[in-house]
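Pasting the structures here.
In what comes next, chain A is part of two complexes: it sits with chain B in the first one and with chain C in the second one.
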Partner chain A sequence: MTTTAPTALGAPTAPGAGRPAQRKRRPGRTLLRSAPLLPAIVLLAVFLLGPVVSSLYGSLTDSSLSGASASNAEFVGLDNYTSLFSDPDFPKSVLLTLVFLVASALIGQNALGLGLAVLMQSSHKPVRVIVSTIVVTAWVLPEIVASFAAYAFFNDGGTLNTMLTGLGIPGVNWLYVFPMLCVILANIWRGTAFSMLVYTAALNDVPPEITEAAEVDGARGWQRFTLVTVPMIRRSISTNLMLTTLQTLSVFALIFVMTGGGPGTDSTTLPLLAYQEAFRFGELGFGTAIATILLLVGAVFGVLYIRALKPEVD
Partner chain B sequence: MGYSNRFTYTETAGRGTVATKPGTVVEQRSTMKQRHLGIAAIAATSVLLFSGCAAGGDGGDADTLKVAYQKFGQFTQMDAHMKKVKEEFEAANEGMTVELVPIEAQEADYFAKLALMNRSAATAPDVMYEDTFMVKTDVEAGYLAPLDDYIAEWEDWEQFPENARQAGAGDDGKIYGIPMGTDTRAIWYNQEILSAAGVEVPWAPETWDDILETAEAVKAYDPEIVPFNIYSGKGQSEGASMQGFQMLLSGTEDELFDTDEQKWILGSQGFEDSLGFIEDIYQGGLGPTPQQALDKNIGTTINSEWIPGGTLAMSLDGSWASGTWIETGSSPWPEWSEVLQVAAMPTQEGQEPGRTSMSGGWTLAMGAGSQNKDAAWDFISTALNQENSLSYDVAASQVAVRTDVAEDPEYTDANPTFGFFSELVSDTHFRPANSDYSKISAEITVAMESVMTGQQSPEEAAATYDQAVIGIVGEENTMAASN
Partner chain C sequence: MVKTTAAERALVGPETSTRSITTADAKREFSMAAPRGRAMRWFSSIVLVVIGIVFLLPLVWLVLASLDASASLSVKWPEAPSFNNFLTVLTPETSLIPLTNSFILSAGCAVVTVLAAILAAYPLSRYSMRINKPFLYGVLFGTCLPITAMMVPVYALFVAFNLIDNMVGTILFLAATSLPMAIWMMKNFMDSVPISLEEAAWTDGASAMRTLRAIVVPLMRPGIAVVFIFVFIQTWGNFFIPFVLLLSPEKLPAAVSIFSFFGQYGSVAYGQLAAFSLLYSVPVLALYVLVTRLGGGSFALAGAVKG
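This part shows the complex of A and B:
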């Protein structure tokens, strides 16, 4: 990255003379300069690339928790993937994962986070402090605690039904009747704080002169927001979308604690399906194949965001 | 930063016995001084991590025995037993230490955690508490060590009847696990509720319909009382498959597995009917609500709350259930033997022999990678000698397997239900002795869950199960039901 940037900047003005000589010396120097990065690259390769490669390889074996294939796992090629694609649970699980992702991360956390950040900008300080404290509390809780809290809230004899009964409305067993709705709401509750903090920081960086200028030019509130503010914070939007997407794709404990993926398979998202196959049914290779698919889904969304919001272009 | 990293390095090097050589530590340190401190620190960290990975060959030293077993919910008797044996063993073997590793997980997670421990030599236990149905699979995986050489010199082995000996056998015919006790299953019922609901007690159902009728009567008597519980669904794993489904299937004309042909039976009427019974109970409102039944902790809830509290009339459960209510149990309930009665599970239409049961049981097995197999055997044989087997079987309400325990008056007088459950052994069934069983059993729970939640009809769920079995064992290892 560091080597290409100057060239790219220089390209429009002076594409020819003088440069080659300078370039010649570069490889050695650049290599030397990037030497301090080497340990970091090695660590990244070992701890980030390593698991990806090993997951890819694992998904091509019939490795299992017990039985003959536990001691000598055999290479089975794409068998795990073919049986995965013919498994009726799989499309349902992908669909549930996407529903969970779109509803809780993209719409819920992002929109709500942005909304809160915007509202808080124009609110009084005490209101700001109280609201952000409340919102951030859910974020501060460890995942397992937040999950139990959500379980206790939606549970048949839980807080929500107790409140409803108090109001004379008969409750239902939320976790059983609307499992996806419950886990989506819980994830929004838990994750909104993160988006809110990111957007608050981004909004603070939008120079007031620009919005004022737009106001002078006659832009209304909504127009100022969509035509000035949003384009200016789009890099934060892109980063935030990426982070919340990846976080949400890997949500496991929350769903596991609240519904266990059930009833039946009605809230079995990909991480739960992978867990179930790997550790309930002992099919490590098959479970790893699901995990690899999850990795791909994450990568696809990552590329989409970068393409759509072009964070690097100013 | 650099300093603290090096400090941990030395510390770990001291602890790891095999792979980290002290020489490398010194070399690493002297070169470090010449280089940029930051890089060195990072490099040292990664070396440290690598050596940590490589040290995976460390199977514990020969003077320490690692003993892994389950401790969960009301099942604390094994923990008490192991603590007692540890003391006894350490007193008898100067210099040896027993490291107890209680795995606090419910059954399904226990198997996964135990298997994960076994996969790495660094964590593999020397002695483990092993379910009989997992023995064959784990032998194939190479986790267990054969015990034949030790048994040949063990006088006590005579006390184990032939069928009990086979419980711990691998596919190769060698013995890998010594049974601690066995179990049978039947219906525990609250005779106060049943007689109040107008059912004649002692109650002796003769067909499945009798159970459903009684359940209807209880429901009519008091809708607040859960009439009948049969474990079902993925969360209960083996409990659902064995205490639930196979208690039904063994009372039909069909089986899961044809022992002569060594093939899995698909498409049987008995399979569908058994799922039909699950549907009748759960979709017919005669059991707990499906959401209650799918709660991972329902086993604990039932035996420590519902049954003592009189909110459950009938419960299809194991012979060990009373272990919760006896004086030494986790929820003592002195009146249990007056309020509760046991009835054998009837066959579907009352066909011969009129009742059915399933038996399993747990063993103590030795880890294949144990550094001190002789000591591991000493531990196992101490844990399962007459005296210790007796105290464990009484505390955990096990059906004794050792003849000298089963006949001991101290055992027979300890619990009024022991006689009933021991006698059921004559009509009991065992799970298929096949290393694919554990995976197929998991598929049974999937079928149960989709039926109990109404997502699939018994017919559809049975078809899904058939497909899953073909996927696990291949079409050549399956056969169509004969009827």
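This part shows the complex of A and C:
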């Protein structure tokens, strides 16, 4: 969630209290003043930085959950990565992850979220309140419950097929025939609320005078939207694209419950592949190599995200 | 000013109608003009209702199945609605112990996170130190880490430290994962607490920690509650972290035990699964409503400096 609203209150972000320290900088005082940071730093260093560093190192060893290499793992260099790239499951999994990201996060959640936000602006209030409550409920529900609900919906004997039969259309076993489509739609269902909330807030910040001016100048509805509104909320769009991508990159329970990565490996995205390699097949080094790659992808997005939010820190 | 007749709007829609400019009753017409035209309003509402129904269907199954003794995976009206499914799962082994564990994990994580975040936010918000910028960038970066991707190395680390199946270890890890976002939120809330009150206290000789406890924390109580609830909801719903780090059935939170319930009885007892899911979901839905109510609270803080 982007909680940048409080800074917009015009409150002092760099209050005057820092000034005396700048005049005569004493190392003891700075140390004393930064002491409250310590608990947070320790927690972050041990439990976030620790795994990241050990992930980088662990991916270069042959450690496993059982057997001889469980107790004394040996340094094997880039072996895990070379075997990773020669394993047919890995490129397939990368492709599935990309499809999942693009279809459910970049296109699905963002387009639907923006669409909903726009429609909400021009709809009747009761409709707006009820529909946004429904959409947000799917998002607030614990992920495992949402996963069950989506599983039941797409199951062979589920709601979707019951409805199709009612319409006289023969249903198929969606989770087996179109596993990726099911998890993509389920992730859109579950995640759209976030984008909708972000875009609703962004659209509310667009001054109505500007769109009205464009209207007076003769811009039609679609033109007003693409040439005026979208550029005005550009920053929200780029931030939201990154946040939804990162959230979707770490979707696990949804796919795990709905398809278990199957049938075969037909919906095994990278988080599921890392889990299977490490915990089902005991290939800890292999799983760690996948985890490292995912962390690097996350890091790239993280850097882009930080650059977008730079003004908030400075 | 733009004027379209009602007939034009109804016929061709607000977007494509040709417009003539008049001065008469322009004010009244302006608010009715194209983007918020009546036809547009109905169009939007109808599309929204359709999307809303699609989004509602999976949720309806949860509710109807939980009331149905012979529930299937499809939405159907229960023949004899009853709360028997709830009564069946409301036993210590099935739901009460897991829900208690969920509470211990979530509350423990939220307490640790909020304490660490308040302490960290204070110097970040009040002093301009050289460490601020790198620390805030680091925190922002931490919010981007795909935690799911990290679970394999985290598991290896927990094995090395002998922390597997340890509630405290799991709580600390959960706290570390929610800390970046919590620090970021907490600093923003603290920035909006006016500093002038503290300056008065400093002049009277109060220490920084005393000022934090006696002035800042009471003033930003709504903000702290928001962060606490936010972390609580996230941890309550987390499946993967306890799934990997905890093993003993008596320590598993509801998220994980509901999944094993699904594996054991899921193919027959859909009604019970739905009932258990609802019992487990209600607390976070209630907390979410509470947090949206609290959301506006922080804006009232600005008033504290006057009077």
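Just so it is clear, the second predicted complex is superposed on the first by the 247 of 314 C-alpha atoms of A that agree within 3 Å, B and C clash if a C-alpha of one lies under 4 Å from a C-alpha of the other, contacts with A are read in each partner's own complex, and residues count from 1 in each chain.
Assume a contact is a pair of C-beta atoms (placed from the backbone, for glycine too) under 8 Å apart; a residue touches a chain by one contact, two chains touch by 3 or more.
Just so we're clear, the structure is a prediction, and the values are computed from it rather than from any experiment.
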{"item": "Chain B versus chain C as contact partner of A:P36, first or second or both or neither", "value": "both"}
{"item": "Touching partner for A:V46 - first (chain B), second (chain C), both, neither", "value": "both"}
{"item": "Partner chain in contact with A:G282 - chain B first, chain C second, else both or neither", "value": "first"}
{"item": "First (chain B), second (chain C), both or neither touched by A:N173", "value": "first"}
{"item": "Chain B or chain C, by number of chain A residues touched", "value": "C"}
{"item": "Partner chain(s) touched by A:G260 [first = chain B, second = chain C, both, neither]", "value": "first"}
{"item": "Chain B versus chain C as contact partner of A:T239, first or second or both or neither", "value": "neither"}
{"item": "Residues of chain A that lie at the interface with chain B and also at the interface with chain C", "value": "36, 38-40, 43, 46, 279"}
{"item": "Residue numbers on chain C that touch chain A, as the complex places them", "value": "1-2, 14-16, 30, 33-36, 40-41, 44-45, 47-49, 51-52, 55-59, 61-62, 65, 72-76, 112, 115-117, 119-120, 122-131, 133, 135-157, 172-173, 175-177, 179-181, 183-185, 188-189, 191-195, 198-199, 202, 208-209, 223, 230, 233, 236-240, 244, 255, 258-259, 262, 270, 273-274, 277-278, 280-281, 284-285, 288, 298-299, 302"}
{"item": "Touching residues on chain B, where the partner in the complex is chain A", "value": "36, 38-39, 42-43, 46, 49, 108-109, 111-112, 115-116, 119, 134, 137-138, 140-143, 233-235, 237, 289-291, 294, 296, 435-436, 438-439, 442, 449-450, 453, 455, 464, 471"}
{"item": "Sites on chain A touched by chain C in the complex", "value": "1, 3-7, 9, 11-18, 21-22, 30, 33-34, 36-41, 43-44, 46-48, 50-52, 54-55, 58, 63, 112, 116, 119-124, 127-128, 130-131, 134-138, 140-146, 148-153, 155, 157-159, 161-162, 189, 211-212, 215-216, 220-222, 224, 246, 249-253, 257, 270-271, 274-275, 278-279, 284, 287-288, 290-292, 294-295, 297-299, 301-303, 305-306, 309, 313-314"}
{"item": "Touching residues (chain side chain A, partner chain B) in the complex", "value": "36, 38-40, 42-43, 46, 64-68, 70-71, 83, 88, 156, 173, 175-176, 260, 262-266, 276, 279-283"}
